[in-house]
Amino acid sequence: MTYLHDCWYMVSWASDVGQQGVLPTQVMDQPIVVYRGASGALFAFDDRCRHKLAPLSRGRVEGDALRCMYHGLKYGPDGRCIQIPGRSDVPTNLRVRSYPVQEAHSAIWLWMGDPARADRTLIPPFEGIDHPEWKMIPGQMDYEAHFSLINENLLDLSHVPFVHRNSFGGGEEIPLDPEVSIPMQEGEVTQLDRGLRIVFSARSGPVAPMLRAEVGDVADTWTTNDFLVPGIFLLTIELFKPGSIAAAGGRRPADEMPLHRNFSCQAVTPRSARRTTYFYAFGPWKKSEVTAEGFAQVAEMAFAEDREMITAQQKVIDASPGVKPKLLHMDKRAAMFDAVVQRLIAQESQNSDRSLPEPAP
Amino acid sequence: MTYLHDCWYMVSWASDVGQQGVLPTQVMDQPIVVYRGASGALFAFDDRCRHKLAPLSRGRVEGDALRCMYHGLKYGPDGRCIQIPGRSDVPTNLRVRSYPVQEAHSAIWLWMGDPARADRTLIPPFEGIDHPEWKMIPGQMDYEAHFSLINENLLDLSHVPFVHRNSFGGGEEIPLDPEVSIPMQEGEVTQLDRGLRIVFSARSGPVAPMLRAEVGDVADTWTTNDFLVPGIFLLTIELFKPGSIAAAGGRRPADEMPLHRNFSCQAVTPRSARRTTYFYAFGPWKKSEVTAEGFAQVAEMAFAEDREMITAQQKVIDASPGVKPKLLHMDKRAAMFDAVVQRLIAQESQNSDRSLPEPAP
Amino acid sequence: MTYLHDCWYMVSWASDVGQQGVLPTQVMDQPIVVYRGASGALFAFDDRCRHKLAPLSRGRVEGDALRCMYHGLKYGPDGRCIQIPGRSDVPTNLRVRSYPVQEAHSAIWLWMGDPARADRTLIPPFEGIDHPEWKMIPGQMDYEAHFSLINENLLDLSHVPFVHRNSFGGGEEIPLDPEVSIPMQEGEVTQLDRGLRIVFSARSGPVAPMLRAEVGDVADTWTTNDFLVPGIFLLTIELFKPGSIAAAGGRRPADEMPLHRNFSCQAVTPRSARRTTYFYAFGPWKKSEVTAEGFAQVAEMAFAEDREMITAQQKVIDASPGVKPKLLHMDKRAAMFDAVVQRLIAQESQNSDRSLPEPAP
C-alpha cells in the first residue's frame, strides 16, 4: 500500500494544541511533534531528538524553539539544533526533519510530502466547527484498521441499510424480501482533480425519523458528497418539499429554499498500517430545530456501527493471507477514487527531486 | 505440526447455538461460522464474506440462508451467494466454503477434511449430558497452549500424583521417599482403528476421598480409557469390592455389580497453534450419592491444575527454540497415539483427490 | 548486541528467596530457577525440566535437590537427574545446566559464563542493606527497555538538570538562559580493570534542598562514581565545609570529617532485549538527620523520571529502524565504558574452551 505524500493530513483538532502546547502525533507510521511557539506559530518536527532519539514531544517550548528534556538540546523553528548544553559550538548538520503545518477550519494539517510543493490552497474545504451557518459538534475515534477500509466504507453507501439499520434507520427494520433484489441508487459521479463528487437525488422519499417533526414524513433529497484525498468526506444533505426536483427538471432546485440542510465533514488519517483516526463534525444548519447534539448522537451511533464492522473485517483480512476481495458493482466508486490517488502518486514521484530534507541518519 | 483433517472436531456444546443462532468458532486457525436455520438444520461456512471479507458471524439468519450484514450479500445453505442487493444477477462462482456439521451427544461437530468422506459414524461415542444413566455436568476452558501438550497430558497419567496432589489426592500429601522410586502402573494398551484403549486395574487400593462414604476405604478399580482422534478422552472408572478382580481371574468382574461407576468425556480442539479449547463432562452414575456438582468441583480443580502446568510448560517451550523434549518410559502411550494419527494423516493424503471445495480466492 | 557472560549478574535481593524457597528469574533471555536447599546453600538451574520442558520453578525443594512437579523428576544440586518415578535407572546424560550462584551484599548473584572461571572476588563491592555504617533502603523497578540505555543514562549525568529538575532539583526551576550555553562538569575519569571511576568535585556549590537543614546552604562536594560491568553503579557523595577542597589542593579533603555522606548502589540486569531490572539501595550514613526513607522518596521519584524518559526513548528507537544516535561530547564516558566491555568480551571468547556444560538438547 503506497501512501500519497503531497497532501495535507488532518492530525488533530486545533484545540488539542493549547497555548504553547506540545502535541505528539503520528501520520503514516511517522511519529511527529507539533508545537505552538510563543509567537503563536505552529511547527512540526520528527518526534525524535537527533542525539539519542528521545521523544521531542516530552520537550519544552522556549520562544519559538523546542528543547529536548533528556539532555537539553534546543531546536530552532526550522529544526536545526541551536544549543547543546555544556558546549559552545553546535555541529551544523545536527537537525531534525520539519514538516509544513497549517491551522485551518478548526484543525491542524500536516503536509507529508516535499515541503517545496506544500500548497495551502490544497487544504480541503472542511467547515470549521464555529462556522456561522452551521451548528457543528466535533469528534474523533481511533480505529484498529487500515485507513483504506474506512475510505471504501465512505465511498460505498450501499452498506447503510445493513450496518446502520439502528442508527440512521431509527431502529426500523429494513424489509429484506428474500425473493426481490433491493434497488440501490448509484449516484452521478464526477471526477475532480483531487477526488470525486457524487450527487444523489431522491424524490418523495421517507424522511429520517429525527427530522420528521421539522420536515414532514416525505421530502425530496439532494445530496452532494465530495470525497477528496487522502480521505476527506464532505457531505451536504438538503431536503426540499416533494416534487421540487421534478419541477427543476431533475436538477437541484436552486430557486427553492430547502426545508432542511445538514452538513458533515470527516477526515480519515492513517496513523499506521493498522491504526487510523477518524475525525468528524456533524450538524444541521442554524435554522434547524434539531440540535447539533441530537445529530451527533445519531451520527456517533452510526460511526460506532461502522467501526465495529470494519474492525471485525480487518481481523478477518489479517487472518486470511492470500484471500483477495471480489469486487462488485458497489465498489465502482472506490475504484474510481483509487485511480485518482494512483494518478496523484505517479505525478508526485515524477515531480520529486528526491531531495526531501530528511537529515542523514 | 500437521493436523488430521478427516475427522470430527467438537467446536461447542449444542446449547451455544440457540434457535436460529449464529456462532463464530475456529478450528485449526480457520475462522468458521456455524448457524441454525429456520428448518432447525445446522450449517457451517468459512467466516468471511467473499465480497470484502466481513465476518459472516455478524450476519443474520433468513430461513436456512445467512445474510452478510455489511453489504447484504445472502448465502444459501450450500455456501453459494444467492442475492446481491441492487443487482439482479449473481456471479455463479461467488460462494464460501461450507463444512459438514453435525449435532450429536449434546455437542456440535465439524468435519475439517474432504466433505465427500464425512462419515457420521466416526463421531466419537461421547456421552450426552442428558444421558439417562449418568449425572453429567458439562464445562469447558480455553488454554493458551498447543493442543498436543494437552493430549500428551491425558495420555500419560503419571503426572497425577504430582500435578493433582491437591484435587484428586484430596489434599493428602503423596509420600515421595527420595530413596525409593515410585511404582507407576502402565496399563494394558490396545491399538484401535482411530486411537488407543488403555485398561488399568488396581486391586484393594485406597478409594478417592470423596467416594469413601459411598464405597468404603478400599476397593478394586477397573478403569477403561479410550483416547481417540483428534483428542477425545473417554474414561470409565468402576469400583468393585476388594478381591473381585482376583476372583475374575484378573479380568473385569463382569458378573458383579460395581459399587460405583463414573464417566468422563473430554474433547481437545485446536483453535490455533497456541489456543485450544478443552471441553469436558464429568459425573457419576445416577445411583451414586455423590452429586454431579461434587464431581465437577473436584474435576474442575484438577483441570485448572493441568492448565496452570501446561500453560507454563508452553511458555518455556516457546522461550527455548531448538530444545527438544527427552522422551521417557511414560511417554510410550503418547508415541503410540501419535503413530495412529500419522497413519490416518498418510491415509487421508492418499485418499484425497485434492479437490476440496475451497473457492478460488 | 553481545552480552558479557563472565560476570556476576544481580538477579534479586536475597530476601526474595526465603528459607528453602524457589525463585524463577531470568538473565539475558535465559529463564533460570534459583532455590535454597535444606542445607541453606543456593543452587541455580535452567528453568526447564529436561523431560518435557516444564518449568522447574514450579518444583519442590527436597533436601538440596529440586523435584519437577509435572512428572516428578528429581534433580541433584549439580543439575543431574537422580530420580524418575516409576523407573529404577536414570539415563546418565539427563541433566539441566546449573549456574554458579552466590549470596553477597544482601543480594543473589549469578555467573552467566564458564563456571570454571567463576570468581567470587569479582562480585562488585555493593553495600549490603544492613551495613552498620549506612541507613539503606532497597528497591527495584522493571524497565521495558534495553539495559544499555539505562547504563548510558547512569554514565552521563548531564541529563540531571533536565530529567530530574523536579526530584533532585527539589522542584526549583533550573535557569535555562536561551542565549548562554550551560556549563557541565565532566569529571575526572580513570579506567578500571572492569569499569570506570569518575570523580567530580564542586566547590562552594548549592546544597540539595533536603540536606540544607543538616549541612547548610553551601558546601564543597566530592563525588566518587564507580561504574562496573555489567551495569553496577556505586556512588559516594561527600559534603565538606566550603573551601575544604581548595585547602586540600584540589584533592579529596582526607583529613577532614565530611558534613554529610550518602551512598547509592545500583545494579542494572538485562532480563531480555526489552526488559531490564534496576535494583537500587540508597541512603545516608548513620549519623545523618535525614532518614533513609526521606532519601528513598527523592531517589525513587528520580528513578521514575529516568524510567519514563528511557522507556519513551526505547519506543522511539524501536519505531525508527535505521536511525542511529549522533554521539556528542557527553557520551564520552559511555563510549569508554563500552570499550571496557568489548575488551572483556574479547578476552572471554579467547579464554573460552567452548565446552560450556549445556547438555545437548
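The chains carry the letters A, B and C, assigned in the order they are written, with residues numbered from 1 in each.
In the analysis below, a contact is a pair of C-beta atoms (placed from the backbone, for glycine too) under 8 Å apart; a residue touches a chain by one contact, two chains touch by 3 or more.
What you see is a predicted model, and the numbers here were worked out from it, not measured in a lab.
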item	value
Same or different contact residues where chain B meets its copy chain A, judged by the half mark	different
Cα superposition of chain B on its sequence copy chain C - rotation in ° rounded to nearest 5	120
Whole-Å gap between the CA centroids of chain A and chain B	49
Overlap residues in chain A, where contacts from two or more other chains coincide	none
Partner chain A, residues of chain B touching it in the complex	29, 31, 47-48, 50-55, 58, 62-63, 65, 67-72, 74, 83-88, 91, 94, 361
Touch list for chain B against partner chain C, complex	152, 156, 158-159, 161-163, 176, 178, 181-184, 186, 309, 312-313, 315-317, 319-320, 322-331
